[in-house]
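The data blocks that follow each hold one structure.
Next, two complexes with subunit A in common: one pairs it with subunit B, the other with subunit C.
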Partner chain A sequence: MYRYDEFDATMVAERATQFRGQVARRLSGELSEDEFKPLRLMNGLYLQLHAYMLRVAIPYGTFTSRQMRMLAHVARKYDKGYGHFTTRQNIQYNWPALVDVPDILDDLASVEMHAIQTSGNCIRNVTSDQYAGAAADEVEDPRPYAEMIRQWSTFHPEFSFLPRKFKIAVTASDNDRAATRVHDIGLRLYKNDAGETGFEVIVGGGLGRTPYIGHTIREFLPKEHLLSYLEAILRVYNTQGRRDNLYKARIKILVNTEGAERFGELVEAEWEAIKGGEIDLPAEEMARIDAYFAPPPFEALSVDSAALDQSRQDNDEFAQWLRVNTVPHKIPGYAIVNISLKPIGGIPGDISDEQMEAVADIAERYSFDEIRATHEQNLTLAHVKKDDLFAVWQALKAADLATANASLASDIIACPGLDYCNLANTRSIPIAQRISERMGDLEKQEDLGELKIKISGCINACGHHHVGHIGILGVDKKGEEFYQITLGGSAAEDASLGEIVGRGLSSGDVVDAVETLVGFYRDNRQDKERFLDTYRRLGAEPFKEALYAAA
Partner chain B sequence: MKIVTANRLEDGAVVYLGDDDRWTESLADAAQFDDQDAENVLAAAESRVEEIAGAYLAPVDEDGAVSARERLRETIRSAGPTVRLDLGRQSECCA
Partner chain C sequence: MPLLKLNHGTFSPAVEEPLEEVSLADWLDNPQAHAGATALVIANDEDLSVVRCDVHAFSVIILEFPRFGDGRAYTQARLLRERFGYEGEIRARGDVLRDQIFFMARCGIDGFETAHADAASANEALQEFSFAYQRAADSRGAVTDEPIWRRRLSRVKAA
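And now, the complex of A and B:
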């Protein structure tokens, strides 16, 4: 995978040194908080309820065992022994002291990590499919393109002060695991009828106060033109996006007021002017980046593993985990393993330093040293031999990381909410914990099938509630926590925004309501329908009726 | 009545302005100010840039408890996350 070259390493080290000086000037009082705030945000440092919060970048969610061990070290030495994986494949620490942050950044820099592009009005850390390079359904590994975007966007002088933050996601599969349709720009790499690969370019999606599903402004972009086309989009946005109103500054507002077609024309015109220029990478440079993502040295194995079949037969619990948490790999004899960070009743996305060490060890031994963070706040081991799956499961189980609930009802996305977040209206985590407990044993959950529950503690929608099959949004009513339910959202290839059903519910009632809705689905599903399919077939009305009949 | 609260600059810990004009970690020791004085007190507190960041006023009722609308937020700031009782000031005390 990609190793920082000298240029990157120097840049990261310089930034850490620069920030050390800025912190010193802030501590001495030379800089006021107003002066310091934009500087700390450029380095991923927020001020939250209890303490500072440091968000560390994991570009496109791929990192090594060595880096994971450093994350564990930071959690242990400077924080309170844990970290929290976010919906942007990053990790955040909830308790760092300002005086320690320069040392933390130095430690991170020693393993090519940093907190650049994790906050502020810049192009944020680019996200991608956590199965990249392993998925049976991808046309190519999307990460070289994500890496090109990272190199192009990091410290891009023209795009460091955009009207608002800007998020790009890349996938190379028809099964969208990167939520590309709800990003400022979503890119889907595919093969057209002529057999060429290129990108579908989707613009103007997003969640938050005004959610939109993105519009396709170009059906097919030859892949070698990716960067010039992105540059054209960003230029149009940078000049025409609104800077006068925080709530109207995202590109989704521009795209939807101009109309996608008109916006697309502006982009095409801009692109015409720049596309022959120097922005697109020459073929040699693309090949150089590609080489960093060369597949690991897979062994030639047969599709089936006798050892695996035996353990599956011998151990029901393992068999269940295997069904739920592993996914087919494109190479025979290998599998993709999902590590749930959603223990029943636990805090979604949280992981202790010891668990980080355990994952690092397992990845080193069984998955070519590579770990992925997912936008659903879990981890993935991309390349595990089928012969090793039982050993991997046992090691995960020993670290309390073997909950068999990937994509099931208790695999809940929840933002930090009022337990940590300065902007929150309500708590999110306790709702996730209670729903997780209420959803019952894992066999029942497996029977319910894929069910995406997503919870945000305010309208900023960091918990992606708009695109949950069941979404929950916390609202404040005169100091009481209330929760509004939306149904029928999806962040996948069948993206849609959920519809609000009824009035806000108290924290106790919302857990009952979810149980009622799930029960209604179970009683009314046909064949292999998921919750979302049944909802789409029947519409909102019967679900609402079920909810009110129960109330 | 109002109290002044902020985050301590060097580590972000939640602090309150106490009677002697010093920052205290104890919500119970926060000094209370009449609404008309509070803005001036806040401005003076904010100027102590090398000590704190993010100062603001929180409303309290006669017994010094934070008023309804802000109560949960201020309780969590003062005690720690409700989902990790082993963290924050709630974990320190002996009761």
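And now, the complex of A and C:
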């Protein structure tokens, strides 16, 4: 994975020093809260309902055991002993004191971490596929490109005061695990008919109060032109995106008002004017970055592991975890392991300092010292030998991290909601906890198969409810919490937005409703259909009927 | 409004004769009526992707930052420097804050109307970062010379 050289290290250290100065000016009263706000927002520091929240960047979700240990240290020393992984492959701390933040940033800088551009109207931390470098279905590792984007976008002088925040996701696989079609820019690396690799450029997707699936504005962009093309898109957006209305300021609104074709023409014209300049990296620098992502020293192993087969036979619980939480690896004898941060009845994405230490130890010993954060608020160990899977499972189990529910009904995405967020209408976390408890039994969940439940506490949609197979949106009706259900959304390669099914439900009824919908699916599915497939085959009506007949 | 000017990487306070200003709209409307104008004021919603007048005729171009969060003029400044090759002063007016001066300077702005920073604090702000990852329009103000990737390449060549 990428390692800082002296330039990267200097930039992060200088940023920490700069922010220390800004905090000092705030604490001395030289800056008012109003003047300080834009400065702290450039550095991932939010003021929430009860306290400050600090969001730490994990570029494209890849980090090391050493970095995980530092995250544990921060949780222990400056917070209440836990952290919270987000849908942006970042981690948030919910209780830091302002005076401590400069020290936290220094601690993070010592392990090549920071909070740069994790908030504010700038280009945010770039996200990617959590299986990058391990997935059998990728054309190449997408992370070198994500790293190029990280560097290009860091303190970009022209694009630090955009109309609104800006999110870029990169995938290199036809199975889209990075939700590229619901990002401001989604990039899909693929091989064209001529055998060259390049990007499909998708623009203007997004969730929030006006959700859109992105449009492809360029079918094939040669990869060496990635940065100049991004600069052209950002320049068109910076000058033409709306600034008069916060809710109409994202690029999706511009793209959909202009029309994707017209928007694409504007970008192409701008790109023509700048592409010869010094924006794109020369081949040597691309190769330098590439080299950091060379595959780890895999052993030559056979596809099957006798040890694994034996433990699978001996231990049903392990066998189940193996079926649900591991994924085939591109190298024979290896597997990808998903670590669920969704224990039954737990808070999605939360992890204690001790658990962080445990994951760090396991990754160091069994997965080339590398950890991934996923956009579904879980963790991944990308390269585990099949021979080691049983030991990894035991170690995870000892740390309460072996819930066998990856992509199942209790693998729920939920935003912080009213427990933390000052924009919330409703709570999200307790709903997630109760659904998780209700769906409880893991064998039943496994029988139901892939089911993505996503919960947002308000229309800003941080819990991605629009793209949940079952989405739940918290709304406020005359001071009472209500929940609106949407069905049929997807953030994957078959991206779609969920449809609202009827009136809102009380927090008491919403858990029953999910159970009813799931029951209807179970009774009506054909063959190996997922919930989403059955919904797409039958349409909304029968699901609605089932839901409201029961109510 | 106090005025700071950036020269060879250093800010100093400046006092000057009042400029005769004309807005781009007025000037396009009737250039003869503004023949004596020395400064062109460009609103931040003007599209500069096409040249519509001879910007080189003015010794100062004033760009507007109505709110610090409105970043359109950053693009305008770069276009003036990089696309039109404008070599006169580009001056920032409006909500010009200490903690934005670095970005402005990197986009080619070298005049700053601000009550939020004096020369000392502006110089301090400029020195907060030793490098930059990307090429911008800052060579004239001598803010940074080479983007980091270029430094890396020269280092490799030197070794």
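In this text, the second predicted complex is superposed on the first by the 551 of 551 C-alpha atoms of A that agree within 3 Å, B and C clash if a C-alpha of one lies under 4 Å from a C-alpha of the other, contacts with A are read in each partner's own complex, and residues count from 1 in each chain.
By our rule, contacts are C-beta pairs under 8 Å (C-beta built on N, C-alpha and C of every residue); 3 or more make two chains touch, one makes a residue touch a chain.
Just so you know, these numbers come straight off a predicted model, no measurement behind them.
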Would you check which partner chain A:99 touches, where first means subunit B only, second means subunit C only, and both and neither mean what they say?
first
Looking at A:52, would you say it contacts subunit B, subunit C, both, or neither? Reply first, second, both or neither.
first
Give one of first, second, both or neither to describe whether A:449 is in contact with subunit B, with subunit C, with both, or with none.
neither
Does subunit C touch more residues of subunit A than subunit B does, or is it the other way round?
C
Touched partner set for A:479, first subunit B, second subunit C, both or neither
first
Where does A:204 make contact in the superposed view: on subunit B (first), on subunit C (second), on both, or on neither?
neither
Determine, under the contact definition given at the top, whether A:32 touches first (subunit B), second (subunit C), both, or neither.
first
Look at A:243 in the shared chain and tell me whether it touches subunit B only, subunit C only, both, or neither; answer first, second, both or neither.
second
Subunit B and subunit C footprints on subunit A, overlapping residues
none
In the complex of these two chains, what residues of subunit A are touching subunit C?
5, 7-8, 10-11, 14-15, 17-18, 22, 35, 38-39, 121, 151-152, 154-162, 235, 238-239, 243, 269-270, 273, 277-279, 281-282, 284-285, 288
Mind pulling up the subunit A residues that touch subunit B in the complex?
26-29, 32-33, 47-52, 80, 95-99, 347, 418-420, 424, 427, 429-430, 433, 476, 478-479, 481
Seen from subunit C, its contact residues with subunit A in the complex are 47, 49, 68-72, 74-76, 78, 82-83, 97, 99-100, 102-104, 106-107, 128-136, 138, 147-153, 156
The subunit B residues in contact with subunit A across the complex are 7, 9-14, 49-50, 53-54, 68-73, 76-77, 80-84, 87-88
